[in-house]
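Note that chain A is present in both complexes that follow, paired respectively with chain B and with chain C.
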Partner chain A sequence: MAALDAAQSAVVSGAAELAVPADAAYLELVGQFVSFLARRRGFDEQVVARIRLAVDEACANALDHGRLVGDGNDGNDAPLRVVCESTADGLRIRVRDRGRAFDPATLAAPLVGAPLEKRRIGGLGVYLMRRIMDSVEVWPTDDGKELVLTKCLDSGKVVAGDD
Partner chain B sequence: MSESTQPLVVEVGEVAGYPCLRPVGEVDIASVPVLQEALGRQLDAGLKRLVMDLQALTYLDSTGLGCITAARRRAREAGGDLILICTNARILRLLAITGLDHVFVVCRNRDEAAKALGESGTS
Partner chain C sequence: MTTEVVQQGPAIIARVQGRVDAYTSPALDVALATLPGAGQHLILDLSGADYLSSAGLRVLLGLAKRARAEGFQLRLSGLGPAVAEVLEIAGFVPLFEIRDTEASALAELAAGG
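And now, the complex of A and B:
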């Protein structure tokens, strides 16, 4: 897990929660929800777009791997829950699903410099989240997992390819 | 993902006699099957030298990147290629972050794409 424990950062203006069916058709709504709150928190449009991409990847991960608890079917009707919290430093987004927790730091990084024939198709979602956000953590919950993304307003993180 | 719903449509045209697929809208986990089907249709028909024009793409996530990467691999394995046209800074940035800017030939326009396909073989 990253050294920064996102849960220790105080929420300064409450939290907003959106629950949608675990269906890809609802991810646009999630994106609008997150973008609205990121703008309100003061992020510029370029960063808002990146945060939105990271949350989209988190939700896609939840849809792909979020139904593993129990017999594999018990999460099918469970909604995808997205919680946005304004913190003193920026924004914290929690994506909750019914999948098993994992440590993103232990995932093999994609071979981004490798030629086509040596690259694995897929596996870029967590990598993108980690490149965009200041921290990406995954915690187990009573009925699944919570993927916690944080972004600071004064983040010095420079994403490769930035103008 | 844009602020308003824009269902993905994949227009199929030609560049110098090669099929050119032009996705219009957003490619994400919800819409990527549309792109997969469009690419698969061309490759299944034995058309292994393809152009993908990303100029009308408003959003691309990792599932979309995986889709076009898989299509290029399939085209290459068949002796062909898949060339991209893109000048969208956001999409180019995504390609750079993921290292795919070194995997794909990315052209600025259709003339460049036609030339690149012509130079990449005759199959």
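And now, the complex of A and C:
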């Protein structure tokens, strides 16, 4: 099953993990962390910038929605955790928070291509992630969820202008 | 992220420097909220913006909607490759009048838009 392959394919070198307070002020640091590892994995600078954007969107989403655990624990003190793993064909990034899992494929696309009056302010983050990355999956964890992003080195994905 | 606001002729120019993300975009929203003044147009110069996430796109979309509602002209200028690509991926390019430089946007507005 392709989805399981993307989330569970073997890690070929050690994973790197960054845990930061659940505060948007740390998004820039997460971006530097991911950029460093994507560059090290061999992605060119344009793709490094795209991966950084996708992870930034995943983290911003986690900060917005990642605390909605219905068990009385609002998770406010939980850090945002970002794990980067080098796989045989590229990079896999896991963004972990205390929120509920959801299926990103079920979210409405933000009417890209629609005229101004029909554009909604929202939904863009998941849309950007899906346009940039080769896979975007969400899995439940023991204490919340992880959003798993993968990018292959030989990805032929063209992100701009191919709606 | 900083926003410098200057007036030149018929336009207010807001020059954005730095990174526009979920952390900084509220400040950009505040900086732009009262711009432009009555009878003026607005140029948002992004030549100093090295990063824009969807949080920044939301600010731009809100600005475009307000420009239409309030009847002022809005130009974006100076988009670097990374910022331009984000607008393109999001399908935002047709929603804006985008000019290469602040000067060309200003000349156009000064000539009557």
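Operating definition for what follows: the second predicted complex is superposed on the first by the 152 of 163 C-alpha atoms of A that agree within 3 Å, B and C clash if a C-alpha of one lies under 4 Å from a C-alpha of the other, contacts with A are read in each partner's own complex, and residues count from 1 in each chain.
Following the convention adopted for this analysis, contacts are C-beta pairs under 8 Å (C-beta built on N, C-alpha and C of every residue); 3 or more make two chains touch, one makes a residue touch a chain.
What you are looking at is a predicted structure, and each value in this text was computed from that prediction instead of being measured.
Undergrad: After the overlay on chain A, what do you see for chain B versus chain C, clash or fit?
TA: Aligned through their shared chain, the two binders clash on chain A.
Undergrad: Who does A:A25 touch here: chain B (first), chain C (second), both, or neither?
TA: The answer is both, since A:A25 touches chain B and chain C.
Undergrad: Which holds for A:W139: it touches chain B only (first), chain C only (second), both, or neither?
TA: After superposition on chain A, A:W139 lies in contact with neither partner.
Undergrad: Between chain B (first) and chain C (second), which does A:R131 come into contact with in this model arrangement: first, second, both, or neither?
TA: Both partners, chain B and chain C.
Undergrad: Taking the superposition on A as described, I'd like to know which of chain B and chain C A:F102 touches: first, second, both or neither.
TA: Neither chain B nor chain C is touched by A:F102.
Undergrad: A:S35 in the overlay: touching chain B, chain C, both, or neither? Say first, second, both or neither.
TA: In the superposition, A:S35 touches chain B alone.
Undergrad: If you lay the two complexes on top of each other, which residues of chain A touch chain B in one and chain C in the other?
TA: The answer is residues 24-25, 27-28, 31, 49, 53, 56-57, 60, 63-64, 110, 112-113, 115-117, 119, 121-122, 124-125, 127-128, 131, 159-161, 163 of chain A.
Undergrad: Which bits of chain C are touching chain A when the two form their complex?
TA: Touch residues, chain C against chain A: 19, 21-23, 51, 53-55, 57-58, 61-62, 64-65, 68, 82, 85-86, 88-91, 95.
Undergrad: In the complex formed with chain B, which residues of chain A make contact?
TA: 24-25, 27-28, 31-32, 35, 49, 52-53, 56-57, 59-60, 63-64, 110-117, 119, 121-122, 124-125, 127-128, 131, 159-163
Undergrad: Would you pull the chain A residues touching chain C in the complex into a rising list?
TA: Going through chain A, the ones touching chain C are 24-25, 27-28, 31, 46, 49-50, 53, 56-57, 60, 63-64, 110, 112-113, 115-117, 119, 121-122, 124-125, 127-128, 131-132, 159-161, 163.
Undergrad: What residues of chain B sit close enough to touch chain A in their complex?
TA: Against chain A, chain B makes touches at 1, 3, 5, 26, 28-30, 61-63, 65-66, 69-70, 72-73, 76, 89-90, 92-103.
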